[in-house]
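In the two complexes that follow, subunit A is the common piece, with subunit B as its partner first and subunit C second.
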Partner chain A sequence: MVLELQKPRPIWQIMFSTHHTDVGLLYLIMSLGFLFLGGTLALAIRAELFLPGAQIITDSMTFNRIFTVHGTTLIFLFILPFASAVGNYYVPIMVRYKDMAYPKLNAIAFWMIPPSGALIWLGFADFTWYATPPYSVISAPGPAADMWIFGLKILGISSVLGAINFIVTILKCKHPDMSIGQVPLLAWSFLSSSLIILVAIPTFAAALLMLLTDRLGVSGFFNPAMGGDPIAYAHLFWFTFHPEVYVLVIPAIGMMYEIIPRFSRKPIYSYNSGIFAFVLLSIVGFSSWAHHMFATGMSFTEKTVFMIGTLAAVPASAMHVFNFIATMWNGRIKFSTPMMWSVGGIALFFGAGAGGVVNSAMPLDFSTHDTYWVVGHFHLFVMGTIAFGSIGFLYYMFPYVTGRMYNEAMGKVHFFLSFIGTILVFFTQHVLGLYGMPRRVFDYPPIPEWIAMNQIATIGAMIIGVSMAVFLYNIIYSSGKGELANTDDPFGLGGKYYFPFEAKNPSH
Partner chain B sequence: MKGIVGLFLVLAVLVLVPAVESALAAGDEPGEYLDRRVVIWNLFFRMMTVMFTVGAVVSGTMIWLVWRFRESHPKAKPTAYEGTDW
Partner chain C sequence: MRGLIGKMGGHSNWPEWIYVGIVIALMTWVGAEAWEAERLVEHVPEDAETIIVTGQQWFWTFEHEDGTVEMNDLHVEVGKAYKFEIVATDVIHSFNIHDYVVLMDAVPGRVNTVWFAPDAPGVHDIQCREYCGLIHYNMRGTLYVEEPSS
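Now for the complex of A and B:
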């Protein structure tokens, strides 16, 4: 890997560079910035819900704005760009090419994100990350809503450009000696998720345009007063954003595929089943979008199809989990920070998946629809699996990026606090949903069970907040003053790092 | 291997059949609300039983795995791949 910070350069050289590690570094820094911004909003939400009544936020409109921007930020401005950072660093090296296939396009895709982040944050829209119609069409205040729509539009274009770049780099630029069946699983994860993006994003791009023209009053696609149908928007949205769940989770699983064999000091148990599971997830991801809409009056046949389509994701997910377990079996596992995050992520992935299976049964979905169960389930996936996999990988790549080691003790404190906090917040929210508390509410009646569970969740969130403060200090301090890393073997594992192929990037 | 396939088939049947059954049983007649609640919660508890059983097995395996194959375990020994090019 290139050691970016060991060779100080003027900042503009990195900013205007098209080299894949420079663009990767920009993605990395920006996504971490948005992680802390979005996380701060999460703390505000949890502080507000600590007790019934207004606590720190004065009105429900402000609360709606906060959770809208929280969700939009962490999904589109943290998780996706972080995955792009990892892909930029690793994919060209893993396929043994000098750079991404289209370096300028790569830089353009990155530079589209800061303006869209600015649009989302300066607008601070209030209609949820789903842009709920007909509210978003009829009465969501502008220009916030319009800025959100434009921000998402730009982010969509950026995602498509990035996806094309990854696909071409992996399929067309890999070393001639390397067959596609030899490309490491992390690169395979980017290939799978990029293909999903190419198929899924255009639908939402169309929906956003329709939403915008509806807001301008020149069309009425989703406006019931003009004969439109908000349910049509739900279909368009979820056709994109259920597969998007896999766009988010597949790279995180790919990162675990990089870490777990390394720290178990064994090759991955089954490389082919990993590929098969990635491809299967990419396909079945498109057969389950309407499970988000069981409560919208779909026919029984439709619901059955989508219920079974949802359950079809279980075998693929289970294959990954069993692959990880089999890899660790008989290994000599070193529990450095990246490994702890990965193993913790697998455990929480399993919990999140189990909740999803239960919830995919349509009669149960009616009971839990729009309750805190859904919030707990979704967040257990994005925080417990995707963020855990991503943060673990950040620790893994830290010595390669900075040339210095992070503080191991602080990394472990960060993990344990985050793990405990995540369980406290999101498992509790599942139960809270079963007790009937609706999601996206600013206030709630003083039911003792609701108050107790909200307080547990808020305490959990504060624990995560403390862990993130430790994390921030650790990465800032260690990148400047940390111990110099032995970049041949920073974790003291022995053996080669780029299984199954060495890093032989001619540019490095 | 056959045992594992059999186990998953049983689990799949335990999840899918009651789900489809109860969805069919829900019907469209008014006045069936209470019955639906019973069916739904019955399904919920059955599925949770399956989930907790599988969850306990997988989580238990992982906890044991983490404890047994850590490098500081007295019985830990180098893997066949250490010091090689894999």
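Now for the complex of A and C:
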């Protein structure tokens, strides 16, 4: 791998570079920046909900804007770019090619993200990350809403360009000696998620355009006053964004496939079942979108079809969990920080999946839909599984990127605090949902159970906040002053599972 | 990396197939139970009284069969079945009586129905469960379940 920070270069050399590790570094730094920005908004939300009534946020409009930008930021500006960072660093090396297939396109795809991040943050829209019409058409204040629409539009194009690049790199640029059945699972995860992006994103891109022209008043696709149907938007949105859930989670699982065999010092239990589960998940992921819409007045038959489609995704996810556990079984496991994050992520993935089965069972969904149960459920995925996998992988990449080791003790403190915090926040929110507290509320009636559970969740969020401060200090301090890493075998695993190839970086 | 993968062929995968079989069996059971329960829940009784529920930013209006109109408060009687016909005038809301697991979106341009039969006198919260803007958090009402008057 390439050491980025050991031989300092002027910043413009990295910024205007098209080399895959430089673009990867840009993705990495930007996504971490947005992680901390979005996380700060989460802390503001939790602080506000500590007690009923207004605490630190004085009006509900500000609160609505905060949770909208929180969700948009962490999904589109942290999770997706972080996956792209990992893909940029590892995919070309794993398929033994000198760079991404289209280096300039790669840099363009990256540079589309900062402007869209600026549009989302400077606009600060209030219509939730789901931008549901007719609210978003007739009621949401502009220009924030329009800026959000343009921001997402640009992000969608960037995702599609990135996906094309990954697909071509993996399928066409892999070393001729290497068959597709020898490409590592991390690269397979990028192939699967990129294919999902190509199929899913255009639908939402179309919906965004229709939403924009509806807002301008020249069309009425989703505006019932002009003969449109808001439920059509829901279908278009979820046709993109249910598969998008797999776009987010599959690379994180790929990262775990990279870490778990190495730190168990054993080969992966079944490489083929890993590929099979990735491919199955990418296909089945398209058959479940309307399970988000059971309460919109769907017919019994529609609900049944989408319930079956949703349940069909469970065996594929369960195969990954099985594969991880079977790999660790009887391994000489070394619980360094990356391994802890991966194993913690798998545990929470199991919890999230079990909760998802409850949501998909039709009668139970009417109890959990749009309550804090759902908030807890998907945060167990995005935070518990995806962010845990990603942060574990960041620790794993750290010595390769900086040439220095992070502080192991601080990394473990970060993990334990985050793990405890995540359980406190999101398991509690499941129960809170069963008590009926709706999502996206600025204030709630002083029901004693609601207050108690909100306070537990807020305390958990503050614990995560502390852990992230430790994390920030650790990565900043260690990248400048940390111990020099032994880049042949930074984690002391015996070395034989590491990549034997160096990336060829013309700037070095 | 190729060495790592090269070691993988050959071993038997039967524990994984048994495990996948168990997961599929479990999911089939969950699906069948859910299908059966939902089929019963969706069946509206013949004698259900209709209440028209209108959601608008940010309050609920209830219109009974006899023409009585209530705002945010809803009075019903124990032992009767009620069918809600849910409409909205501006944006999407979601009509929710959590204690009776009544939940249905109020979508402008559509009439959605859901029914319930209160089984004991009491007071329950009515709330909006779909984000509808500024006062969404306080779009609340109260359900009064009373003994039959006659």
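Keep this in mind: the second predicted complex is superposed on the first by the 495 of 508 C-alpha atoms of A that agree within 3 Å, B and C clash if a C-alpha of one lies under 4 Å from a C-alpha of the other, contacts with A are read in each partner's own complex, and residues count from 1 in each chain.
In the analysis below, a residue touches a chain if its C-beta (ideal position, glycine included) is under 8 Å from a C-beta of that chain, and two chains touch if they have at least 3 such contacts.
Keep in mind that what you see is a predicted model, and the values were worked out from it rather than measured.
Asks: In the superposed model built on subunit A, check whether subunit B and subunit C fit or clash.
Replies: clash
Asks: Could you tell me if A:364 is touching subunit B, subunit C, both of them or neither one (first, second, both, neither)?
Replies: Both partners, subunit B and subunit C.
Asks: Figure out whether A:87 sits in contact with subunit B (first) or subunit C (second), or with both, or with neither.
Replies: In the superposition, A:87 contacts neither subunit B nor subunit C.
Asks: First (subunit B), second (subunit C), both or neither: which does A:304 touch?
Replies: Both subunit B and subunit C are touched by A:304.
Asks: Quick one: classify A:230 as touching subunit B (first), subunit C (second), both or neither.
Replies: A:230: touches subunit C, not subunit B.
Asks: Does subunit C touch more residues of subunit A than subunit B does, or is it the other way round?
Replies: C
Asks: Could you say whether A:267 touches subunit B, subunit C, both of them, or neither, answering first, second, both or neither?
Replies: both
Asks: Looking at the overlay, does A:347 come into contact with subunit B only (first), subunit C only (second), both, or neither?
Replies: Once the two structures are laid over each other on A, A:347 reaches subunit B alone.
Asks: So, does A:436 touch the first partner subunit B, the second partner subunit C, both, or neither?
Replies: second
Asks: Taking the superposition on A as described, I'd like to know which of subunit B and subunit C A:135 touches: first, second, both or neither.
Replies: second
Asks: Looking at subunit A, which of its residues have contacts with both subunit B and subunit C?
Replies: 267, 300, 303-304, 307-308, 311, 315, 357, 361-364, 366-367, 496, 499
Asks: Give the list of subunit A residues in touch with subunit B in this complex.
Replies: By the definition above, subunit A touches subunit B via 264-267, 300, 303-304, 307-308, 311, 315, 321, 325, 328-335, 343, 346-347, 350-351, 354-355, 357-358, 361-364, 366-367, 494-496, 499-500.
Asks: Of all residues in subunit B, which touch subunit A in the complex?
Replies: Touching subunit A: residues 8, 15-16, 19-20, 22-24, 26, 36, 39-41, 43-44, 47-48, 51, 54-55, 58-59, 61-62, 65-66, 69-71, 76-79, 81-86 of subunit B.
Asks: Would you pull the subunit A residues touching subunit C in the complex into a rising list?
Replies: 60-61, 64, 94, 126-128, 130, 132, 134-135, 138-140, 178, 182, 184, 224-225, 228-231, 261, 267-273, 295-297, 300, 303-304, 307-308, 311-312, 314-315, 318-319, 322-323, 326, 357, 360-364, 366-367, 369-371, 435-436, 438-445, 496-497, 499
Asks: Along subunit C, where are the residues that touch subunit A in the complex?
Replies: 1-5, 7-8, 13, 15-16, 19-20, 23-24, 27-28, 30-31, 33-35, 37-39, 41-42, 57, 90-92, 94, 96, 98-99, 101-105, 107-110, 112-113, 125, 127-138, 140
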